[in-house]
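Got some structures for you, see below.
Okay, so chain A shows up in both of these, paired with chain B first and chain C after.
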Partner chain A sequence: MIYKGKQKIWSDYQKEIPDDHWFYARSCIRQNFFPASEKYFLEIGRNVLGRDICDTEHHTTCGGIAYHSDVIPQETAMTIVARQFALMTEMGYRNLVASCITSFGNYTEILETWREFPELEARIREHLWKSCRREFEKPEYLAHASDLMYKWRNDIAERAQYRLVNKDTGEPLDIVEHIGCHYSKMFPHKGVGGAEYPCVLSGMVESWGGRIVDYPERRHCCGFGFRQYLVKANRGYSVSNTYKKFESMEPFHPDGIITNCPGCPYFLDRWQYVIAEQTGKTYGRDGFGIPVFTYEELAGLVLGINPWDLGLQLHQTAVEPLLDKMGVAYVPADKYLGLNREDLLRPELPSVLKCF
Partner chain B sequence: MKDFGFTLSPSSAVSLDKVDSRLWHKLLETSPDAAVCISCGSCSASCPAARWSGMSIRKVLLALQRGQSVAPMLSCCMLCGKCTMVCPRGINTRKLILALCRICEKP
Partner chain C sequence: MKEKVLIIGGGIAGMEAARQLQALGCSPLLVEKEHGLGGHVARWHKLFPDMLSAESLVTELEAGLSGVTVYRHTEVKSINRLKDSYSVKLSNGENLVVRAVLLATGFRLFEAAKKEEYGYGVYDHVVTNADLEAWMNGFPDERMPEAPRAVGFVHCVGSRDIKAGNSQCSKVCCMTAVKQAIEMRERYPQAEVYCFYMDLRLFGKKYEDFYIGAQRDFGIHFIRGRVSEVGETIDGRVQVKAEDTLLGKPVKVILDLLVLMSGMVCNPSASALAPQLRLEIDSDGFLRSRDNVAGILESGRPGIFYAGACTGTKTVPETLAEARAAALRIYQYLQA
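And now, the complex of A and B:
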């Protein structure tokens, strides 16, 4: 009886995710920060798992960064988003998958606003028609790309070349999962597990053999916060948030961090360098930091894709300690070789944080 | 240290694993009624010194439990006893402050 009750309660936290036929809305910043993540989302979805995902060069930013930085009004963001929906409609798709957490939050917020205020939706339709002569249907399903990866997690586990297991000890690797604030803190029913028990990343980690670290500041923001970072004088707020999280997770000695937001992996990764320079402190073993990954990068590693093809050389914090623990085969000398084995030159190494 | 143009702010988080609560436990030995405080703040609201000096018994008790310094606040108390009259839990706060002063003098 109690078990059935629990099953019913848990079913309220689940999210319906269609398996196939998606229109992919890329992120404006992820391609700069983690350039191979989106490529390998499409690669895994289309070529490894055989799903139909439409990727068009015609779409633009969702306007989320400008909206959350108070640079543009919401109506402008709505018209930009309406254009993305128009592209989806023209391409014949009804399901939209967003690569970025802020885009996902932005689309959700706009659809919910239109549901509450239909007259606003009518006005935006008018704006879109006047500006670019387009019309749109609202998406039937809206998902974040990590929702799809969560849905495919067992398919990926079946094809795994490596698991999130320490090859020497056989113990599961301890992974910290960090979920972007715009995933389910604004609209809890839109995320897998809601705002209280988001399991979109923990589900992946457990399927691929890892163990989730539960630490006090697990649900704390990474610190990006848009204006906190964009205004240089406020960046102390941003780095202090990240510092708080690292101080909280440090006693649990995590082997890696997995994230599903564009900002979070960037700041959790780069701020480790800043914290090391300012305080002399590093959080990994032997002077290294804790490597930070996007869910596509971790899925790629599990599937046996070359870490340098996944763009891991662009991380500030060295990823090699985790690759070695997993037993991933890689050539250290190839780290800074680009396409056609062109030398990309080597970055200046930090004075405190140990890197290769 | 590199100058990034911004710095880390100290965290206001209290780690209860690292708190030095010796003073609090010493106070409980001499004045066990400190444990029945519900932090309602009546004492602080009625304190004539609070407005000018920042004195607050509620803050003093919380600071003790968090292992923070209380001596500067104690020195502002005028021992008028108004807080004792308003305490809904019947704590003799005046006596409690005197006990704390003695503990702080001889920790």
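And now, the complex of A and C:
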């Protein structure tokens, strides 16, 4: 691998990201899958780094999943997005940051479509006015939340309580990055680092002391692929894609996986259990899997936030192997305690994949 | 007094035209921006379909330049039309007045790194067709594996590719890939060799025989399908994913070396000269000829002529034939 070659490509795909004043558009599924990730994006942005981020309860789904599943036409998705823009405008913001990769791809695709076909934008403005009497300005800057975390990566590194370094050997931890397909595969110039060698996540990992693993199936889909999973009969295809990725990364013995999409961490995490049940195979050491994290979770760990406050007990694949390598302090007995130390009850443990 | 003709470009077209003009009694002045003559061919190893030594061709052409004024390491800084001639300022400070100008500026190889998915400049064992020829000519290249077990060739890199900004076929890459595949198989008989192609354009004399021989005698695998992505395995080998469109199946192979057949694009120095001479650029980025049937050598401007790959992709024999025809056409122009 010629690192300088990647750096040259990264220099061609830099993206202007304003440092402050963002309107936050949440994901419709992340709060169910990884409930603390969005909370800690806001917590880190607002309270640790002092940035202004607007979070409103009035916004809705962006319609991206329905659009990519062919359930709604694009004009419907556009009108939903136009309403999000109207909320942003009404609240006095010009920069929109999306929590979800598919939302980011959806917003990007819609803005590019309107740029090519202004008459369509005019029609959507009319639809929005007729349906809810709202008007909007288009965002001046559009970013994915991982773009902001990338921009803040060195600020986070300065405040780090832990680093992505093996506490026993002093060696950098080997981290696999997985970028959501809708981040930059459609519009390479809209992502940090482009489509083939994005550096939005690898930049975070390197700033926080880790080492990126570039393995042959790095670009391959996580297995979600919308209809691969949403159509029940296709789910074998979904898991086979995930299997292909794990087989490809296995020889590199990664210590963890970082992702920036709602679906990817879910499928890379949950399908490890299914693969273990089906084939008897696990990909971590001693019967464990490879822990999978959102970028907010990894940032939270680096900043010293309690892993159970970050919601890591909701992962199927045990995260403790990585916590132990980093030397993160945690209380195993607190894993299944919720707010106010409420007992969340212990899940049934899988028969093959080792979990706590 | 002999009429002076400026030839811009010391590749095979410029050399052959200079030789012919000299023989016709003109005074050719050959300008080459590099020290060596012969252009791309000087860096090539063997030429298809007869496996002729490229070096011997360049040596033969250079031997014919006796008496021709050659400016090496020199570029044309500016060029202006006078009443029936051109005033030329060279980068060495010399000023010339010439009756006619022949553009033989050739082509530039497409920058393979622009096709990011193929990993040129990122993965350790990905090279271009030009890199392979240089290595065959004895230039060491650390990207070349010692005893490859599998080698792949990707056709049409930057050719017939609207996304890359080049819709034209580069014409020579199919045959170059077949030639290089055979050469690699001859050097490494144990290696499996794969060619990933869109379709094979083997139009010239003996080309089809060459291709059949590559399959029949050398066992080279031809896979019809574009490569979608390239990755690197833990031991530094190259993983290639493609679709075999004849079988309708995705294919994945692990290679020790991947060769990208970089296509031809217009030489930027020709594009830079064009506005000074009010020459038109064609939709493919090459210089536009008066027409593409009987006027390929003509620029449409008095006293300005073309030869070789400055007007489009050409093979070596086509380039040499055009150079001879251009010399004759210039001679006729000077006589008129």
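In the analysis below, the second predicted complex is superposed on the first by the 345 of 356 C-alpha atoms of A that agree within 3 Å, B and C clash if a C-alpha of one lies under 4 Å from a C-alpha of the other, contacts with A are read in each partner's own complex, and residues count from 1 in each chain.
Here is the rule we go by: contacts are C-beta pairs under 8 Å (C-beta built on N, C-alpha and C of every residue); 3 or more make two chains touch, one makes a residue touch a chain.
Predicted, not measured: the structure shown is a model, and the values here were computed from it.
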Note to self: Looking at A:Ser131, would you say it contacts chain B, chain C, both, or neither? Reply first, second, both or neither.
What the structure shows: neither
Note to self: In the overlaid three-chain picture, which partner chain does A:Ile9 touch, first (chain B) or second (chain C), both, or neither?
What the structure shows: second
Checklist line | Which of chain B and chain C A:Gln278 touches, first, second, both or neither | finding: first
Notebook entry, point to check: Who does A:Tyr243 touch here: chain B (first), chain C (second), both, or neither?
Noted result: first
Next item on the list: Could you tell me if A:Asn154 is touching chain B, chain C, both of them or neither one (first, second, both, neither)?
Entry: neither
Note to self: Contacts for A:Lys232 in the overlay, against chain B (first) and chain C (second): which applies, first, second, both or neither?
What the structure shows: first
Check: Taking the complex as given, what residues does chain A use to touch chain B?
Finding: 232-237, 239-240, 243-244, 247, 274-275, 277-279
Next item on the list: Within their complex, state which residues of chain C touch chain A.
Entry: 113, 116-117, 119-124, 229, 231-234, 236, 239
Check: Across the complex, what residues on chain A touch chain C?
Finding: 1-2, 5-6, 8-9, 194-197, 214-219, 251-252
Margin query: Please output the residues of chain B touching chain A within their complex, sorted ascending.
Written below: 1-2, 4-9, 11, 13
